[in-house]
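Going in written order, the chains are labelled A, B and C, and every chain counts its residues from 1.
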Amino acid sequence: MTIPSSTPLLALKGISKQYGHVQALSGVDFQINRNEIVGLLGDNGAGKSTLVRIMSGVEFPDSGQVFRDGQPATIKSRKDSEKLGIETIYQDSALVGSASIMRNFFAGRELTKGLGLLDTHKMNAIVMDILVNMVRISGINSPDILVEALSGGQRQAVAIARAVYFKTAMLLLDEPTSALSVRETAKLLEHLAELKREGVSAVFITHNLYHAYESCDRFTILSRGQVIGSLAKAETSVRELNDLIVKY
Amino acid sequence: MRQPIVNICLFFFVLQVICIVASLLYPNDFRYVSQTNIGLLLRAIPVLGIISLGVGVLMITGEYDLSVGSVYTLAGYSIALLFGMGLPVWLAVFATLAIAAAIGVTNGLITVKFAIPSFIATMGAMLVVRGVVRWLSEGRTVSFKPDETFSDLLTGSFYGIEAPFIWFIALALLTGLLVHKSKLGNHFYLVGGHEKTAIAVGINSHRVKVIAFALASLAAAIAGILSITRVGTATPAQGIGLELKAIAVCVIGGLFLSGGRGTVLGIVVGACLMYMVEDVLLLLRAPGFYLDVFVGAILVVAVILNTWLTRKAGK
Amino acid sequence: MKKTSRREALASMIAGSAALVAASTMPAGSALAQEEKVNVTFIIYTAAGDPFWNPVIQGAQEAAKDRGVSVDIQYADSDPVKQNNLIETAIANKVQGIALVNWLPDAFTANIAKARAAGIAVITFDTDDPKPNATESQAYVGQDFFAAGQRIARKMVEAGDLKKGDHVVAPVEDPDAFYGTERYRGIKAALDEAGITSERLDASPTMATAMTRISQYLVGRPDTKAVIGLGSVVTEVGPQAAAEANVTPVIGGFDLSPGIIDSILSGKMVATVDSGAYYEGYMPIVMLYYFVKYGVPPSSIPIGGTVIDKSNAELVKKWAGTYR
C-alpha cells in the first residue's frame, strides 16, 4: 500500500491536556506534512512546549488522537515516539555534558558486539564520519571530547547529526536558538535547510519570528492552549504573524 | 575531563617512588619494601577496595549507599550462621550474595519509586540491617572456619600474591568492563550525568539505578565474606564507618559526588592510596593513637591537590 | 460486662489462694516477687551487639529471675545525651532502681542525683567516676581499671622477660573509651617503673582493620616486645596481627572471648584479665532488689581483675560467653 504524499506524516486531532486547574491545551489540531518545516509559534504559556512533550512521549494527553501516515497511533513513551520517527532537541539540548560526543550520539541506541559490550570502534568511526561529512561542524576533531566542552551551536549540531544518522522523520526543535550566538543561529538555520533536503520534516518552536519566517514553510500559532491560526508562508508576513500573536 | 585520573595516578606513582627509594635507602627504619609489609597491604586493601568498587558504580549514577558497612557485617554473619547450620559453603556464599542483592534492590526501589534522596533511604537501611545483625547475633561474635580449599581460594596466595588482592583486581577488571565497555555502563554515566536527558533518549533510569544499588550491596557482601574468611570471626560492631570511607576513596579516585564521572582505575588507585597513607604513617612511627588526625588531613590535602591540578589543566 | 466474668473471677480466686498456700511453704522472697515485681532499668552504655556484655546480661537476667525483678535492658549507643535521656525516662516511669555504667565522668552526675531525689536506687557497674564519692550512686560493681592495668603489665613483663628500654604497644578499639584510658594509665605506671616505653594505637573496632593496623605498627616498630590489647576486639586479633607482621612479641590484653581463650590455650597469647562480667550484671540487680524491698544498703564490690593464663583458662573456656 502506498501512502499518498498529501497524507500528513503526523496528525494530532483534538488534543487536550490539563495540569491541575490549568488547561494547557484544549482541542488542539496539529499536523506535520512531508518535507516541511512547521513553525510553532505563540507567546509564553501558549502551550507550545506541552505539545512538544506530548509528541515526544514525555507527556500523555488527557484526550485526542494521533495519526502516523493516516493510521491511528499512540505515543505513551519515548520508545513509542522513537518508533514513529520523532526526535526532539530540547532547549538545553538533549545531551549529557559529562559524557563524550560519541556516548551522547549513541545514548540509548548503542551498537554492541553482543553480550552488551560496546562496539566503540565502530561507533567512533560513524560519529566522526557524520560530523565531518554531513553536518560539517568546525572544531571537532575527536569523538571523545566531552559535550560540556562544546559551544552551544556545536551541541545543537551534534544533536542534529544524531537525528540525521538515525533516519528521523520528524525533528522537534524546542527553542533551539535561545542560547546561541548570531553566527551559531545562522549555522543552525542552514542545518535545518539541509535536513529538509535530506527529507526530514521539522517543527521549529521559537519566539523569534524572523528566524521562523526565514526557515519555515508553514506556521501554526497557539494562544492559551488553542490553535488560532495555521498559515502557509506564501500567504503571510512577519508583520501579520506578529499581529496575530499580540492580538490574542 | 580525563584529567582527575591522570593526576591521581601521577600522585600515586610519585608517592610510590618516594617510598620505595626511602625504603631502599633506610631499610631498617622504613620497611616499606619488605615482603611482610607488601603482603599486609595486599591483604588489607581488598576489603575497602571491593566495597568502593560497588559504591563507585553507584556514585557514577548519582546515588549513595550508606548501608554498605552494615551489609558488610551482615554478610559475615549470614555466611557463618548458614555454614554453621550445615549448608555447603558455596551455597552459603550464594545465599549471602542473594540476600545482599535483595537489600540493594530494595534500597534502589525505595529511592526511585518514592523519589527520596538515596542518602536517607540507605541511611534507613544502614540502621535496619545493623539491627538485624544484632538480632541475629544476640550480641555474640560468630566464627567461620570453612574447609581449606575454600579459605585458600579466598585468602591464600598464588605465586606469592595474596588471593584477596587477586580477587580485588579481578573484580576491578570486571567492573571496568561493565562500566567503561558495556551498554549498561554507558547508561550509568548518562543517568548520573543528567537523568532527564537520559530519560529523554529512552533510558530506563529507574532500572539502571536499581541495578547499581544491587551491585553496591553485592560488593559489600563479597568484602564481608573475604573479611570473615581471613579473620575467622565477625563482631556485630564491625564495619561502622566503612560507608563513608568508601565514598572518600571514590572522591580521591576522581569520582564526583554529583555523579556522571569517574573511572574504575581511579577507585582502585584511591583505595590503594587510602591504605598506603595509613601504612606509611605507621611505618614512619607517627603516634598511632592519633592516627586519624593525620589520615584525615592527608585525605583532604589529596583531594584539594587533585581538584587544583584538574582546574589548572582545564584552563 | 461479659457473661464469663464471674467464672474468671472465681478462677483467679482459686489461683490466688493456691499461691498463698504455696507462699507459706516457700521463702518469702519468691512470694513477694510473684505479687509485686521490683522494676529496674539496666543501662548498657554501648550500642547493642558488643559480645562483652553477654555474661553481664546473662547475670542481670538470672538475678532478675532469681529475685523477681522486672529488668528493662537499654543501650545508650555510646552517646551521653542518649544515656541521660534513658535515665530521665526511667525516672519518669517511676522505676524503683537504675543500674548504669558511669563511663564519662561528670556526664551523669546530675541525673543520678535527680533519680536519688526521686527515691530511686542507683548502682553503677563496669565503669565509675574515678573520683571517690563524685556521684550519689550508692555502690559500684566492677573492675578497678587502673589496678587491672598494672596487673596485666607486670604479668607481661614477667612472661616476655621485658627489660629496661624495651617497647610495648597497647591497641584500643576506640581512642575515647574510658576503660582504655584508665587501663592504659595502669599499664603505663607499671611499665614506667621498669623503664619500659609504651604507646597506645587507635586500631578501630572492625576486626580486619584492627588487625591490619596492629600489623602495620609492628612492621614499623619491629623492636616492639609486647602487645597489650586494651579491649576484647584488639586483644583477640593480636596473635594473628603479629603472625602477619612476621614478628613474635608476647601478647596479652583484657576481657574474655572464645577466640582469646583459644589463643591462651594454644600458647599464642600469654594472658588476659577477667572483668568479672557476670557479677557486673548479677550483683547490681540483687542489691537493688534487697534495697528496694528491705532497705539493705548497697555496697561497692571490686570484681574481676583476675589474670587468666594457661593455668586457669580451661575452666573459663567451659563457661565462656555465658558466665565468663
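The rule is short, and it goes like this: a residue touches a chain if its C-beta (ideal position, glycine included) is under 8 Å from a C-beta of that chain, and two chains touch if they have at least 3 such contacts.
A quick note: this is a predicted structure, and the numbers were derived from the prediction, not measured.
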> What chains touch chain A and also chain B?
Replying inline: none
>> Mean of the CA atoms for each chain, then the mean for all of them together: which chain is nearest?
In response: B
> How many Å are there between the centre of chain A and the centre of chain B, using C-alpha atoms for each centre?
Replying inline: 43
>> I'd like to verify one number: the distance from the centre of chain A to the centre of chain C, where each centre is the average of its C-alpha atoms, in whole angstrom.
In response: 72
> So how far apart, in whole Å, are chain B and chain C when each is placed at the average of its C-alpha atoms?
Replying inline: 34
>> Show me the residue ranges of chain C that touch chain B in the complex, using the header's touch definition.
In response: 46-51, 53-54, 57, 169, 171-173, 175, 199-202, 204-209, 211-213, 215-217, 219-222, 233, 236-237, 240, 244-246, 257-259, 321
>> Going by the contact rule set out above, which residues of chain B touch chain C in the complex?
In response: 31, 34-37, 39-40, 43-44, 47, 130, 133-134, 137-141, 143, 227, 230-242, 275, 278-279, 282-285, 287-292
>> Per the contact definition, I'd like the list of chain A residues that touch chain B in the complex.
In response: 56, 58, 77-79, 82, 88, 90, 94-99, 103-104, 106-110, 112, 116-118, 120, 146, 148-149
>> Which stretch or stretches of chain B touch chain A in the complex?
In response: 1, 177, 181-187, 189-190, 192-194, 197-203, 256, 260-261
